[in-house]
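Below you'll find the structures, each written out as structure tokens.
Below, subunit A partners subunit B and then partners subunit C, in two separate complexes.
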Partner chain A sequence: MKTDSATIKTGVIDTVKSQGPLVMLVVLCVIAGICFPAFATSLNLVNISRQISMFGLLALGMAFVILSGGIDLSVGSIAVVASIVALQAGRWFAPAAVVAPILVGVAIGAFNGALITWGGIPPFIATLAMMLGVKGLAFVLAGEGRSAAAAEQVVNVSGWFPVIFRGDCFGIPYPAIILIAALGVAVVVSKYTSFGRSVFAVGGSEEAARMMGLNVNKCKMLVYMICGGCAGAAGLLLASRLKAIDPTATGGWELTAIAAVVIGGIPLTGGLGKIGHVIYGVLILGIIPNLINHLRISLPPWYNEMITGMLLLAVVLLQSLIAKRGTR
Partner chain B sequence: MPNSANTSALGAFRRAIAQRQNVRNYGVWSFLLLSLGVTAWFTPGFLSWGTLDNTLIQAFPVLLVALGMTMVMSSGGIDISVGAIMAIAGAVSGRLYTSNAGLAPSVAGGILAGGLCGLFNGTLISKFKIQPIIVTLVVMIAGRGLAQTILGKPSVSFSFNSSLNVLGQYKIAGLPIQIVIMIAAVAMMLFVVKKTVFAKHVEAIGDNPRAARLVGINILRTTACVYVLCSILCAVAGIMKVALTGGVNAAGLGKFIELDAIAAVAIGGTSFSGGRARIFGTVIGAVIIPLVTVIAGMNDMRDHHAMIFKAVIVIGVLLVRRER
Partner chain C sequence: MVEDCLLKMTGICKAFPGVKALQDVDFSVKYGQTHALMGENGAGKSTLIKVLTGIYQKDAGEIVFDAESIAPTDAAQSQHMGISTIYQELNLAPCLSVAENIFIGREPKKYGLIDWKTIESRARSILGDMGVTGVNVSRPLNEHSVAIQQMAAIARALSLDAKLLVMDEPTSSLSETEAGLLFDVIRRVKARGSSVIFISHKMSEVFEICDTATILRDGCLVGEYPMADLTKLKMVSLMIGRDATSVLHRKKEVSRGLDDRELVLKARGLSRAHRTKEIDIDIAGGQILGVAGLLGSGRTELARILFGDEICDGGEIEIAGAAAHLRTPRDAIRLGVGFCSEDRKAEGVFPHMSVMENMTAGILGELSAGGVLSRKAQMQVAQTYIDKLGIKTSGPDQRMGELSGGNQQKVLLARWLCKKPVLMILDEPMRGIDLGAKSEIEDIIADLAGKGVAVLMISSEMEELIRSCDKIVVLSEGRKAGQLTAREISEERIVQMLAHGSHPGQEAVHAK
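Our next item is the complex of A and B:
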């Protein structure tokens, strides 16, 4: 009997360790559900799922990049350029509004990948420069106006275009369906394809992966192209939501995406973690501002930043403690 | 016979590598000089004292932050929380100043707050072995919120003839105080890098942390010192910016300066994987980055064109200098 309870106990601890993000999410939801009756209403949940869909896509792409041992700081800029391209292309040929942003995202991602693989520039620096350059490009594409406020302009779009963000199927919003589908594809790709496995190998040790005969450069190129494509898809959703050109709409998104990936249990060192768990990080970061809204006390908006930062710190400290115990 | 052939081949190989390195170094500087020359030629009124003054005042925060960043990168780390630390220091100074603490205690309080942020960064990085980018990401996200909490509201402004604002406009022997601080900071960092053991330790940690520990370098203390030094320089930059503009905008103070600072260090030639700190290169980089903005402004171009130019310059410099 004694051994039984002991195994159960270690089993529980192991589950908490491996499913930490999920446990945190469940605890958060239970607290929210008890404290705020308005939280568990379908209207609120639908709103949350719409809001997280965009940076959820960013986080999925970012997860591939981080698993491969890299980082992509340009995703926010890519998303905003993609949203502008979607609106501009939609004026000219309606279906292009869907295809063009994703293609633009993949193209910029390929450029990132080329800078990192053939250019030999560290990912952090290359994508930092691209973050700046692509944001500049967004202002250029937006056209009019010297300042950000003046550059915001409403665009006439076809009737079906806003439906991508606004519409739903049996009560489930389209953006949530897109995110779930992307999540499914990402999990399958990372688990069951040779590319997916090679991402882990490259992230674990680039040198070892090269010696095993993997094409490291090709793998990295693909990873950044996927990340760019995801950012492009997020940009499409953004365009459909705003129906307006706003080059400043995605400030700070790349940080939220990275935070979601880390909270989802993928360390920035790469090679470890599960793509599927990223969704927990996304949900946790999506629910927190919602909870702050429900508090309805006059909490200034900047508390959101502080809570996100503290949460990230707690997760990272926990990861470091677990990693330390693991090496012993 | 084969032996001598071998050595001569080796010699040729060495010469080729040296040449390649020369191409790398001179390539970067000629690329920058050429682009500067071309822009100066086409910019009306470029060669004037006004341009110099304007550029140096704009370069002030970037230079201070980039000097600290050079040491951090020399130790193999990175600090993306510099802008948030500027905001925290500015907010603490502003809060103390508006509650009538007097000029000196407000400035000292801001610098102390910056130093504490650096201690937090350095401790988490060296003691808890968390990656620098993640630790400073946390401070970057939470710090800006903290700055606004400290200030109690998004922004505060002082009257035009308050002592803090007078400090920002102060001139020593005809030179604006910012330029004097800049010269002092560069001299201090040159001294630290060229003459102290501390800089050698930092370099050793950046090159190979394990070897550095085996040699007996106190990694904990040295790393903490590097981040504290960087944060104090950020704090000075933040407080002086507050003094110059006569107000604190906690949400916007120092925003995106980490990009400019990292770009300046990149242009200056300090390796991102740690190693030798190149202070002089950083100084040039920190002047070139704001110069791009100034030149773009003088040619009546928009800010976002300057952003694209900065990106092109950083990527171009790194491609020329790549270590392959």
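Our next item is the complex of A and C:
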């Protein structure tokens, strides 16, 4: 007979293991609520939800890629190209402003996937090259010969276009609704479709997945296309927010997205974790700058990245300590 | 006569650059047959299987499966035709649940979404049909024992309506009880009318479970024999192409009176978590101590404690007369302990590095002058041991990954030999190694002991222990179930102790 205390102990470890990100989010919210009374006001929450919507979408797509054992460094660049495409396409034909950026994202994602599957290039290298190349493309599309500083230009858009980012429904901003809907779809796809499950299998062991007769290449292609599509959608929101072309708008977004996925409990080795938990990572990374912003007198904004980095370390350290415990 | 053959491969040829892996091989399996495919490493077994399952494309020949000529081009295709392979290294998704592993890729759906309830109940019923019960199918695969994982792989194959199951060394990481369970499953599979191709280095298993054996040697067919016409000796002779009497019946000098020699290792009350409990071990210089035990008996944990890779919660270790506090492998190595892991691939070999680099990886400091590594000295060491141990390699510069299992093991042994250890720990040193190389490695181990090194050898093959060891300690559920001196060693006694210790009701025997 095993002792009950041992069972309880493993139960606690299991809970922390599976709900760690949620626990952390709650702790952070409590701290924020105490330090800054206005934190829980609807105005502030609405602001946060708008701010996280874009990199939240990136993180969702990234979660699929990381679960499959890959990485996509090009999402920031994809988002910015998509935003430019949205603005440019909108000038020709208004509805294209919505469809085109997503299609462009999917197309670039498909190219990533092709490089990785047929080209046999490691995902890190392939998407690093694409990150640089696509960023370059963004400058080209923004207008020939412009420097980064001068590249920003306001574009005339249809009146409804900024509403995508600005508007709300019963107080809930559209971007938040889009993110929640995407999250719901992602959870269902990951848990209840053959494709979703094959992502986990491929991430767990590509060789095993191949031996089980799964179509590994198709799975990887889809994963990068989804990731690209999500980045495209984020680009659409960006365009709607800026109403201007700024090829430098998304610098570092890919890393934030990766951080959100990891904080959400999906290890970079893939095959393990829950897509739904990525939202915790996104919220955590969204609340930190908000918190720092409100504490700006005592904490200048440049502490933002430092705290994010430390938090990321804490999460990864915790994960590895728990994993170590588990194997003992 | 063709109709009673499920599979008929004729005139199969396959060449790789520089090697003819298969030359004009015929191989056929009848319906409901358990057919052993035998041969030493490099005989062409795996190549033949890979041709059959579409991983390799044949150069010539014909494959007829279930009365149809087939030419699969990948694993998925052959699986679709009804050929399922259970590989040596399990090819399942470790983090997904047991049920999912059985059904992944063709999950039952409801309203277009995966129907988890049905998956789990069907998984349970498939496993139940195999006689495997009490498995929590919704837990991840890697939380189950290797045996259960294997059952999941077989369940997957059966649920795919496999007509032919190919099992490549399925028992290499199973204990004997677990292997027994596997054989029950194979018998049920056979009773359903499916055929099995069984590949194993363990002779006794082949005789237990198979009806017919096809023997390959050097890429050529030796012949197909009904099991009843074969003896172990005859089979070995056919496999290695020479009289095997000398291989299987090595004479060992019984009792070399080593017990009065000075102890190299003296361990008292080694305990760690629930895995090992109060184990005492003594090994004298020149003695080979065998450790017998089933999987989970604590045998590997014991080895890792003695090598400092796992830290014991309690107990004392003395190495060469001095108290040893082992906290990392470095501590153990400094005291002259060497260790060959049971998992060569993951914990021993650097596959992309040369034989020379693999061999000298542990003595780079000694081979350097003023911080500069001498390639000449490295070469010298490598060449010495290549000659000494009879390592079959094109030279010290050959890539390690290109060597056969037996030769890789020799290189790993050489890695420690050149450090002149006082205590050598060998965890399953002969796993996955063909017979010829096995006997050579046995010789190396005996030679090592002859030079006064204390050897601790773990093996799940009783025959190996009986042939090599001067003394055997039997572990059961983390405890020492008993100890046998050279005179007392016999398979019956070991089995007795294993069985005795595995009943928790009875007090474990502490032979001291």
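Rule of thumb we're sticking to: the second predicted complex is superposed on the first by the 310 of 328 C-alpha atoms of A that agree within 3 Å, B and C clash if a C-alpha of one lies under 4 Å from a C-alpha of the other, contacts with A are read in each partner's own complex, and residues count from 1 in each chain.
Everything below uses one rule, namely that a contact is a pair of C-beta atoms (placed from the backbone, for glycine too) under 8 Å apart; a residue touches a chain by one contact, two chains touch by 3 or more.
Values in this document were obtained by computation on a predicted structure and should not be read as measured data.
S.K.: Is A:130 touching anything from subunit B or subunit C once the two structures are fitted on A? First, second, both or neither.
M.R.: A:130: touches subunit B, not subunit C.
S.K.: Under the stated touch criterion, which partner chain does A:122 make contact with: subunit B (first), subunit C (second), both, or neither?
M.R.: The answer is first: A:122 touches subunit B but not subunit C.
S.K.: Where does A:194 make contact in the superposed view: on subunit B (first), on subunit C (second), on both, or on neither?
M.R.: Only subunit C; A:194 stays clear of subunit B.
S.K.: So, does A:272 touch the first partner subunit B, the second partner subunit C, both, or neither?
M.R.: Only subunit C is touched by A:272; subunit B is not.
S.K.: So, A:313: does it touch subunit B (first), subunit C (second), both, or neither?
M.R.: first
S.K.: Touch test for A:295: subunit B only (first), subunit C only (second), both, or neither?
M.R.: In the superposed model, A:295 contacts neither subunit B nor subunit C.
S.K.: Regarding the shared-chain residue A:213, is it in contact with subunit B (first), subunit C (second), both, or neither?
M.R.: second
S.K.: Using the superposition on chain A as set up above, list the residues of subunit A that contact both subunit B and subunit C.
M.R.: Of subunit A, no residue contacts subunit B in one complex and subunit C in the other.
S.K.: In their complex, what parts of subunit C are in touch with subunit A?
M.R.: Within the complex, subunit C touches subunit A at residues 75-76, 79-80, 85, 87, 90-96, 100-101, 104-107, 113-114, 156, 273.
S.K.: So in the complex, which bits of subunit A are touching subunit B?
M.R.: Going by the criterion above, the answer is residues 71, 115, 119-122, 124-126, 128-140, 146, 247, 255, 258-259, 262, 268-269, 300, 302-306, 308-310, 312-313, 316-317, 320, 324.
S.K.: Note which residues of subunit A are touching subunit C in the complex, please.
M.R.: 188, 191-194, 197-198, 200-201, 203-205, 207-215, 271-272, 328
S.K.: Using the touch definition up top, name the residues of subunit B that touch subunit A in the complex.
M.R.: Interface residues on subunit B, with respect to subunit A: 78, 124, 128-131, 133-135, 137-146, 148-149, 251, 259, 262-263, 266, 272-273, 302-308, 310-312, 314-315, 318-319, 322-324.
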